[in-house]
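See the structures that follow.
Paired with chain B in one complex and with chain C in the other, chain A is shared by the two complexes that follow.
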Partner chain A sequence: MSGAPVSSTSSRPAGRGVSWGLLRPQTLLVLFLLAVLLAPLVLSDFTVTLLNYVGLSALVALGLVLLTGIGGLTSFGQAAFVGLGAYTTAVLTAGTDLPPALAMLAGSPWLALLIGLLLTSVVAIVLGSVTLRLSGHYLPLGTMAWGISLYFLFGTTEMLGGHSGLSGIPPLELFGFPLTESRHYYYVVWLVVLVAVLTSRNLLDSREGRAIRALKGGRVMAEAMGIDTGRARMIIFVIAALHACTAGWLYAHLQRFVNPTPFGLHIGIEYLFMAVVGGAGHVWGALLGAGVITLLKQWLQDILPRLFGSAGNYEVIVFGLLMVLMLQRARDGLWPLLARLVPVRQEVKRIDPQAAPLPRKDQPPHGEVILQAREVTRRFGGLVANNAMSLEVRAGEILALIGPNGAGKSTMFNQLSGVDTPTSGEILFRGRAIAGLGARRIAALGMSRTFQHVKVLPRMSVLENVALGAHRRGQRGVLSAAWRLERAEEARLLRDAAAQVERVGLGEVMHDEAGSLALGQQRLLEIARALCSDPCLLLLDEPAAGLRLKEKQALAALLTRLRAEGMAVLLVEHDMDFVMGLVDRVVVMEFGQKIAEGLPEDIQSNPAVLEAYLGGVDA
Partner chain B sequence: MTIPTPVLQVEDLAVCYGKVEAVSGVSLTVPPASIVTVIGPNGAGKTTTLSALMGLLPVRAGTIRVDGQPVGTPEVSQMVDHGIALVPESRELFGSMSIEDNLVLGAFHRHRQGARDSRQTMEQVYDLFPRLRERRTQAAGTLSGGERQMLAVGRALMAKPRLLMLDEPSLGLAPLIVRDIFRILVDLRQAGIAILLVEQNARAALQVADHGYVLENGTVRMDGPAETLRHDPRVIESYLGLNSKHQQMLAS
Partner chain C sequence: MDPSIMLFLAQDGITNGAIYTILALALVMVFAVTRIIFIPQGEFLAWGALSMATVEAGHVPGTLWVLLLAGGLVFVLDLWSQRQRRDHRALLRSAGWNVAYPLVLAGLLSLLPLAALPQAVQALLVMLVVVPLGPMLYRLAFQPLAEASVLVLLIVAVSIHFLLVGVGLLIFGPEGSRTQPFSEAQLELGSLLVGGHTLVVMAASLLLIGGLYLFFGRSLYGKALRATAVNRNGARLMGISPALAGRLTFLLAALIGVMAGLMFAPLSTVYYDSGFLVGLKGFVAAIIGGLGSYPLAAGGALLVGLLESFSSFWASAFKDVLVFTLILPVLMARSILSHGVEDDE
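Let's turn to the complex of A and B:
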């Protein structure tokens, strides 16, 4: 395998589906930065102030893009974290009669930011560990619950000024120069926003980022690829909270006054609204959404009362109608619509053929027993899906598990790979008991699998999907990803992923969205993803289903090569021409039990197998 | 001998999948009471073609005639009206509903048009798939792979289609069940239903089919009577293989 050719794909013309626009993304970014830089010089005071508020909201919405749009965790409570940041700095810089412990830390807004971030992390971790376990609509309801609690905490705590709030917050100072004017404060706000946008983008385009993007695709696959999904959820929850806290800190020193109103539940809903309108799946969508909503709100507040001839919060009604329209017409938000209008060149990922290959585990010696299942039984209520199943797979051997539909083959796969836990029985992987260990830990030991019903991330490229498999072969964390300090490791991961993509014959479509592939090709993608984890045992659930003759031949050749390298393979498959010509031994299941085991030739003439499964081939 | 009007006649069909033209210039004909199969590698555009004909993907160019009458841009409800049913690759069953409710939904459109014979159709489907009758109160989500496929076909039959389009009916099924499925396809043809079949077991498909098309890179590379294609060296080399005794059994 070390000698597998790695072709440089960066010089190849882009694959299908990649358009070649006129503008490079970098050019657009520079234009945008220039616009941000020059805006205060040409705009009115009022507009600059509005832009400050756009920036603050964008920061919170950005956290929601990560958390809700990309991670799939809906939160209505972000405004409470904004409040945490704002009140921390308000108390520390303007509070009177502070207890001695706090008085030591008081005075500096910058120190207050640091303390706010720390406090927010602690609160987020506590709240996250309680609420993130919830699924479905319970999670958003949970975020509402603590959102409301924190709001009332701000309003009723005497030290925080109750509902009348705290005033007298000093302005930020930079090198002794107080930032009291909107125009000056603008640069602080937008510097923070841009740094947050760029670090978020960097993060998403990394090993940790792929793990985060995998959350929405279901946890079973991610865990089977060795991704700690609980940790990934907590990471984005804390990041989103820290963004909100920073926005609160900026808000406090902009307003120089805080009260509980802007940290309530309805404001939390408005932040979510911004992320959705802008495009919750896109980092830039947060900016767009915050801009559109803030400016539109201002404009509507001016124009509607004049239109109706009386004062009132008419904009709320208009927003409601707009939201309904958006959800019907443009569910992905405005950003994708905007992006379609601008002819940006989509750049495919570069693969560095010079990147050092990733270290590989030594394959166990040929013939060593890799996997051993002893009397594995799995009951679902009264149904016995697996009944005292025993089998073993050796290094350098391909074992087929066949049997009628509903015989319990996939259930057996789930027991072996840790997706499910056997009711009784023992499973040894390289001599170690693994029953009940969980998919992630088993994956770390060197077992990798594919799924009967393919589990790929349809909007992610083939290459990135495959790179998910290499998750455990990298170490660099979130911070180094945000600041691009892990590029050397990332290049190695991508190089390995690219090699696996080529290996299964998907080189042509490497940069296409996985969802655009035919089903058979998605199965090959899953095999590449499994190989990317450098396993010593592959579990393949119907790898040839949907493949055509040539593709099956190529797959058989690949598996033969892997076997020669010492890989152990266990596969479930219904194509008997494929199975009988390829595998070393066959285990046959019916009604959850083993009914036969032996060499392919013997199995094909076994009367029990003929009756239960093959249907009298030689009869 | 007069040639009967084809149930489905497609000329120069072009379909885009995203920005890519996945299918271009495809023409095919399905005569009444016949089985027509489309073979070809993965990503050749077979599923895309079926989806476009059903109105699930937008057609970019081409004419589609049902019983000789041109259909503008196909829309799902309109194609169902014309008596066309699709059994998709992914089955798309209603997992939390019982088998019987899934079947009843299959006749929804006919019922709305005033037909009140769905009970009778259901009995016919149960006769075809006795296994479904045995389990009719069971939730569809708890069925095994083979039973799901039976239910997907059964549900399509509830609409009493004149053209049944099947995308990979044997996917994930054990050999014994695959044989059943092929046997049922032949029975359906006998009952006068036309079938457009996309199937991974190319040899078995050509064995039961009357006519075949080879689709490669979104265009028709070859077509002809299934018998001829089955013996064409190029088809054997690319799609059938020489060593496929098990597959041959599937259509026996």
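Let's turn to the complex of A and C:
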């Protein structure tokens, strides 16, 4: 538990969560790359063409993995973005009678790609700003609506050739060599797909990536860690749209002809099916899903009409059935099932002990009043949850907020940390009014918190969970993360996170999934995460609940050490032994009001407090 | 635009709006009780319409085979789920509804001279065939997933939509059909000619809305559904089975869908895949009401109907673009009004 040196382990001896497989992930990757490289040399023309389409779909599905599987935002409208990319290049490279402004930009497919990506970003940002703030099911319904709108727009706009479409799109040229053969085009498609897979994987394994992974099921926590979840949502929405747009551009130069049909809502739904069937939570799931659905569709379109005796899209029957069964039986998709069959060694994050420590904020001097609540009142309709509550916390002090269940402690806590806004009254943090500022901005000022009902991301490692706390201490963005240009900063963030993990005594389980920890350990993880944000005030909501005696003693020792370093701590707690032996002052609440405040020993003999807890002493 | 054209367009818009209204009400209801966004609603509309067209032509509708198959599957599933502990009465009931009922109906349909029957009897037969598919669908696709998140349920709903469109193509073929209007009468109101079918649609919609109002306000089952909508676990503790609530809701939704189809088919040609677009328009209306408010959804449906009929006059090519773009300002307004961060499931 003492300030152990930063661990430099890169792999651990046998323990929980590590499988000792024979294969290294790199070996598998090389094998896969070889297969991709050699495939066109041995496969038939028809199969290579099919693989081109698999690649295009995989690109769109990959965007959906980021958006839906990892970010938790469902879109049925991706096909419309594919259409934007395809039509942009079709108009610019094959359109006739272009208005002069467009004619200037026309001619080059590469310029058209750039313009398409630009246009798609603008459209995605507009659509995203309208729909992304809505929670849950509005987004998918919204995507259906604009997916259908854009599709009809493609079909009715004269410049886009109406329902008959645009033809005569030139092939792509590389160094003057036209890529008309599907075998040659294959390499362009799959190069783009592999780059997209690689950059997506890089992104997810970075500071911005952790923020994205926190979107699904952890937004309240993420905001409290200073993450702008609205921005993170917008980022993945735009990335997914750009993937789709690129696929559309490739499609247009592969087909050399576009019409509205492949950009309709039903194709958009099929892309989502691909992501779900493959495994929406996994980057490789996009490739698997695109392959399975594309090949299955081809095969079904071949045999079903013969079976039923007439032509038609009967494959939708099988797709529908397949999806319902998948969602009933294997909701995580095929990739996890497949991955279980292949023994792959789990690689553990490397922590660089030489990385420069992160800069720290200046701590306020001992005894300075850091947090001040003045006459804070919170009403919920007729119920007064907090009535004229006032309290102060000073640097280098531990203050306990106690009271019976329903006294209004959690309401108070939420207002202090910006989750809730007082009806009236003032909250000052380091002299600044923070009521109504929002959790994210308050976190940026140097306040960090834990949650009564722990909020950890169960599938992420302990280390990565803790590193979420350091989000605001890094600056590098999405692009540098995708191309691994932020590794120096990442090493510094991880080093700090690892130090905090060791500090709270979780070094042993640093690389385990957070979901596999006991409740008490998860509480410690939350404290480490809060510490990782370099706060000057810690708000701890029942930190000792679920801890064993030894763990409680260790936690008390940690908090004592933090106090000595000048940290201010406000804790809500029910465990009186823990509170009374540790804290400097106590504030007692009942029925939303402060009934006592003072030193622990005075509180223990205060008649009003005894009355509140025990229901009267002089009976 | 002269007043008579305007009145004509308004009448057209209100007629369609009435159909969107009942669809929107069904969508709001299904979402409230089961948290399912019922995308396949449109397929019930198309199946109702096309079954009616088949019956009018004197043939047994293909939906009967679907009923026999779906009923059989439900019975097998019930049998399988009770392999540990048999509840004989429940099994008998399941056999009655899912096996015997479709068989009896099949016998009836093959004996009756379908083409010669009065229109009301034909419509009743269509309802008897198609409506039970609603609860069966719930049993097969959604009941095993009742605790899943809204998004999973939505993806299942979309999958079912795919499945039903494909089956629709299989049993009805790619040709569209239009059915006989329920009334050929023409009513003259000043300069306006009101079609008899329009009046039937209005009356049926109002009756349906009134009926739902009474059902949810007065009957025990209606109150049970409302309780489930407010709090699933609480309702379960009070002895209301969520499975029963789900099947009942789907029965009502299917009934509404089929009725909408019967009213819609004389107005415009229906194809096996027409239901989706009509259903989505009901959705736009339901979303205007925030998927929660019945009166707002009804208002939204009228707005959609009017927007559609007037834009088909001014800019017919962009009719659907306009209707579906209407959702964006609505969502924008909701986005501005909503604040704070909440965790999705």
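Heads up, the rule we're going with is that the second predicted complex is superposed on the first by the 598 of 619 C-alpha atoms of A that agree within 3 Å, B and C clash if a C-alpha of one lies under 4 Å from a C-alpha of the other, contacts with A are read in each partner's own complex, and residues count from 1 in each chain.
We adopt the following convention: a contact is a pair of C-beta atoms (placed from the backbone, for glycine too) under 8 Å apart; a residue touches a chain by one contact, two chains touch by 3 or more.
None of the values given here were measured: they were computed from a predicted structure.
When the two complexes are overlaid on their common chain A, residue A:165 makes contact with neither chain B nor chain C. In the superposition on chain A, A:519 contacts chain B only, with no contact to chain C.
In the superposition on chain A, A:209 makes contact with neither chain B nor chain C.
Once the two structures are superposed, chain B and chain C can be ranked by residues of chain A touched, with C on top. When both complexes are overlaid on chain A, the residue A:452 reaches chain B alone and has no touch with chain C.
Within the superposed three-chain model, A:614 lies in touch with chain B and out of touch with chain C [touch as defined at top]. Legend: residue contacts after superposition of the two complexes on their common chain; A:396 is shown touching neither chain B nor chain C. In the superposition on chain A, A:576 makes contact with chain B only, while chain C stays out of contact range. Of the two partner chains, neither chain B nor chain C is touched by A:333. By the touch criterion stated above, A:425 is placed in contact with neither chain B nor chain C.
Chain A contributes residues 72, 74, 76, 127, 129-131, 133-138, 140-142, 144-146, 148-149, 152-153, 156, 216-220, 223, 229, 266, 269, 272-273, 276, 308, 310, 312-321, 323-324, 327-328, 331, 439 to its touches with chain C in the complex. Residues of chain C touching chain A in their complex: 37, 141, 144-145, 148, 150-152, 154-156, 158-167, 169-170, 173-174, 280, 283-284, 287, 291, 317-318, 320-321, 324-325, 327-328, 331-332, 334-335, 338, 341-345. Only residues 17-20, 39-44, 47, 89, 143-147, 168, 171-179, 200, 202, 238-241, 243-247, 249 of chain B touch chain A when the two sit together in their complex. Across the complex, chain B is touched by residues 16-17, 19, 402-406, 452, 509, 513, 516-521, 542, 545-551, 553, 574-577, 580-581, 612-615, 617 of chain A.
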